[in-house]
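Shared between the two complexes below is chain A, which pairs with chain B and chain C, respectively.
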Partner chain A sequence: MLQVWKSFYARSDPAKAYSLLSPALILVTLAMLIPLGLMLSFSFFTQTSFTEIDYSFTITRYIDFFQSNLLVSLLIKSVKISFIVTFVTLLTAYPVCYYIAFYVKKNKMLWLVLLTLPFWTSYLLRVFSWKIILGTKGVINSSLINAGLLSEPLTFLMYSETAVIITLTHAWAAFALLPLYVSLDKIDFSLIEAARDLGLSRLETFWKITLPLSLPGIIGAILIIFIPTVGDYVTPALLGGTDGRMLSNMIQAYFGKVNNLPLGAASATIMLITVAIVTMIVSYTTKKLTQRIS
Partner chain B sequence: MEQKNNTLLIYTLLYFAFLYIPVLFLPIFSFNDANYMSFPLSGFTTEHYEEMWEKTNLHKALWASIKVGIVASVVSTTIALFAAKAFARYKFRGQNISYGAIMIPFLIPEIILAVAILVIWLSLGFKLGLVPVTLGHILFCTPFAMLILIARIEGFDFSLEEASRDLGENAWGTFYRVSLPLYLPGIIASLLLSFIISFDEFVLAFFLTGSDATLPMYMWAQMRFIQKLPHVLALGAVIIVFTTFIVLLAFWLRNLGQGKDKAEFGIKIHE
Partner chain C sequence: MNDSFIQINEISKHFGQVKAVDNVSFEIKEGEFFSLLGPSGCGKTTLLRLLAGFEYPTSGNLLLDGSDITALPPDKRPTNMVFQNYAIFPHINVEKNVQFGLRKLGLTNDEIIKRVKDVLSLVKLEGYEERYSSQLSGGQRQRVALARALVRQPKVLLLDEPLGALDKKLRDEMQLELRTLQKEIGITFVFVTHDQQEAISMSDRVAVMSEGKIQQMSSPNELYKNPQNIFVSDFIGETNFLKAKTDSKDGEYIIVNIEDLGSFKIKNNLNISENASDVICSVRPETMMIDKEKSDWDICLEGKIKQTSYLGEMTKFYVETKEIEKIITVSSQYFDNQSFQDGKCFISINLNDISLLNKK
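The block that comes next holds the complex of A and B.
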């Protein structure tokens, strides 16, 4: 029997592949899929007192969520902030990647390492440094007051949606830079030269050749920024104040001081579904777009 | 290749400034002799650094982060090494689904992972602490480690392993004498980067530590008190220098012995 199994194993690539994959798949199942399943079932329970939960099935938590103006507006605001952050990050990072892909001749690696280096320093510290910059007594305000340009500090800089957007744009830059650069660097430059030789202007070449060819990188960047920022907790908690609060801050409260685990679980589930819907829309639109181009 | 474009060059340099300047304020103000972080700087002092020696809670948190980081990086790199080998070496059914499943922890909002682990941990009646944090970090670091290792293993000449087997070496001997030395730069890079990810990770720790604070948790708690901020700045500055050093080391190692064209930046976008 063992002999049979051994000879089967020696010839079967899938068997070998799956035995190599098994630790990772077991990890994902035990530490993520089952916990996510349990989280989903908690969203159908009811918190009856501070410590007790009624485990009978109900969809009331979802009704609670959509009847609460606060929760719905926080969900909308989270998605809105994420969209703005994604858009601004893409727009600002694209020219940088374009420059490195097409103009830098030597030591491209060094440029890329330098671009991604700040991303490796603690997220908490990066967010915190924006607090130093934007605060009422922070770098911007104290410099402007010292220079005599202001008499009162600018209050909209801190504890606002703007603060959250600026900080997130900075924090997630590396995630846009990598996929954008990879897709731009893959473009065969002779295509661009050919387009120019055939009389297209620089702008036309960009619209008709470069931009469509870099689409995979753009999509990658959109997803990789949008998905995590919807659920960002640190930035709104440190810099958002009441104006810049996002859904994650409420989820944290439900699992913390408010102590309503089922409603927290329902909010997390709704966040996950929102993320999934956006992912599907973006992937679908890309597919259509690429079909039209090719 | 394009010729020169000074507008784009200037823009790119400004973008670099945008990326770097915010982070530099931490070290600058850590030497400032004042409680408020505002200009003009009032005077030079190293007292915020000396303060760190006296904080026993800080030492405890540092030790907690080091323990979690070592376990998380070793376990996730090991798991990721096997997985990376499977993806680099074999074509099989369910490849894309397996790849997607392993990548999910890196893609979904971290707060959802944290909440899911919190719910199961409490339901099982376990106590919160460094164990669930480590579990969360292993889950979170594995996709990163796998991306780094796939980039290293892809293009590896697997006939070397077959030759070793044909010459009578067993599976372990082959791994130890042939594969490991070739993968080693990638493995060390993955260990270092996973350690840094775990060391800096906040959200999972925030939900799962209970009373055993990790270093980011410690900093979070101190950030609320204005008079305690200066030593957080000093600590932050030390962490930034330390992280930068480790990451540069990892980048250098990862590119060791690889052709220039293969030397992308670790995170290889898989298609």
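The block that comes next holds the complex of A and C.
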């Protein structure tokens, strides 16, 4: 029997694949699929009182969501903030990666490690340090006031959308660096030279060769930043104030002090679907767009 | 034909302490197939990249067809390059690759289509327009790279070891094809290679480089028959070196005292006049004769065969004699290699086949 199993195992690639995957599969099932299923089912229930839930099937929670101006506008704001964060991160990370990939000859790894150095401290600590920088009596405001450039502190810096965008951009920059760097580093520099040799200026070479070839990294970076920032609630909770509040803060409240689990679950599901749709649209259009360029 | 189509004037290129190209001057004729030959790190590729505009010289200037191109960026130069790894753009197909360089030339659509069609038929790639780089063999990629460069009708085509990645048979074929193509279209080719056979078989003229300097620049025949120094003689083909001291000069001839062999009167191809200077005598393996009998040639040495290697069209012998530690010689395929008893043999040399080399 053992012999039969051994020879089956030796010949079967799927068997090997599943046995290698099994730890991850078990973890994903326990920690992801079951909670996700629970959340999905809760979104079809009704909270009847503070402690009681009516377990009969209804889609009323979804209707509630779209009838609430607050929730819809928070969803839009979440997506908007994430878009801005993603865009700004790409814009700042891309040139850095370009430089390391093509112009740094020695110790490329050291450069990358140094760039990720700030990310060795915890996320929460970094958010708090932004509080010190952006606050009314923070580094920026006090130095501007001391320099005599301002008489009143800039209030839009703290407890605002701006604060959330700045903090999130910084927090996720390292995650954009790696996929961008990898895709740029893979580009054979002679392709860029060839384009120049064939009469293209530096800028044209970038549009026609470098950008399309680094597309996998760009899409990777977009997904890596966009997906988690939409659902981020630490930064908006600590730095957002009322202006910078995002949908995730509301979801947290539904599961917490408001105690409306079904509406919270419905909101989370809607957010999940929105992220999935936006992600698909973004990667599809990015791909189409670059195909047209080249 | 313009004899100084490309002028390279006292060009140097330093990378930090390294002098990749060290004060080099020469001219390339219009329509010439010119090769830069040398071992890796000799500066040949740097020189080519200077011509292409990917590097700018530390000092000196470059003239192409009378105008100074030293400071022009690559996209403003009338040169095009075939890269060592071909550098085919992987995200666009063959046709778009070939069209790539035409967009900036201000041609009409019809002209672009015609030029692409013509050049693809020139390199025998009709029917491959829709393919991507990953769907092509090494030889086909090389043709795409060639087509992409030629379609712009450059004044000079620069080729950076384009045959290096191909297998031997294909390489030989491509050598012939490249040569024919170059004669057909008449564009000046500057070809970089480390393969001496490649350079010799294709070029009108070859510049042998070492340590950033040109060691010798001449026709392939001259390079083989009349190398100027040890480096060139050793790099082009195979040869035997014999240490010698010069004695008195006698018209076109000179008496040399070859170590352990004695004095001989040989052709003074270097025109050496001074006495008692150290020189090296070179004897090509194929000029010698190996036999089991003594011969009446100018020099005949008795020796012992240490090793043989059979190469098909000939056999290479490594022979030790009383006078000289190691001699390399070859025999034709008609020779009966089995006829030597105990490796005993005679090596014969004609004085005409001994040439003088400068030590440096």
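Note that the second predicted complex is superposed on the first by the 282 of 294 C-alpha atoms of A that agree within 3 Å, B and C clash if a C-alpha of one lies under 4 Å from a C-alpha of the other, contacts with A are read in each partner's own complex, and residues count from 1 in each chain.
Keep in mind that, in the parts below, a residue touches a chain if its C-beta (ideal position, glycine included) is under 8 Å from a C-beta of that chain, and two chains touch if they have at least 3 such contacts.
Because the structure is predicted, anything quoted here is derived from the model rather than measured.
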Touched partner set for A:Ile76, first chain B, second chain C, both or neither: neither
First, second, both or neither for A:Val258, with chain B first and chain C second: neither
Comparing the two partners chain B and chain C, which touches a greater set of residues in chain A: B
Touching partner for A:Ile59 - first (chain B), second (chain C), both, neither: neither
Which superposed partner A:Leu191 touches (first chain B, second chain C, both, neither): second
First (chain B), second (chain C), both or neither touched by A:Ile209: second
Partner chain(s) touched by A:Ile277 [first = chain B, second = chain C, both, neither]: neither
Residue ranges of chain A in contact with chain B within the complex: 13-14, 16-18, 20-25, 27-28, 31-36, 38-39, 42, 92-93, 95-96, 98-100, 102-103, 105, 109, 112-118, 120-126, 128-133, 135, 137-139, 141-143, 146, 170, 173, 178-179, 182, 189, 220, 223-224, 227-228, 230-234, 238, 248, 251-252, 255, 261, 264-265, 268, 271-272, 275
Residues of chain A defined as touching chain C within the complex: 188, 190-191, 193-201, 208-209, 212-213, 294
Complex contact set, residues of chain B against chain A: 1-2, 4-5, 8-9, 11-12, 15-16, 18-20, 22-23, 25-26, 29, 36-40, 78-80, 82-83, 85-86, 89-93, 95, 98, 101-102, 104-105, 107-113, 115-120, 123, 135-136, 138-139, 142, 146, 193, 196, 199-200, 202-203, 206-207, 216, 219-220, 223, 232, 236, 239-240, 243-244, 247-248, 251, 255, 260, 263-265, 267, 269
Contacting residues of chain C [partner chain A, same complex]: 52-54, 73-75, 79-81, 83-85, 87, 89-92, 96, 100-101, 103-105, 148-149, 152
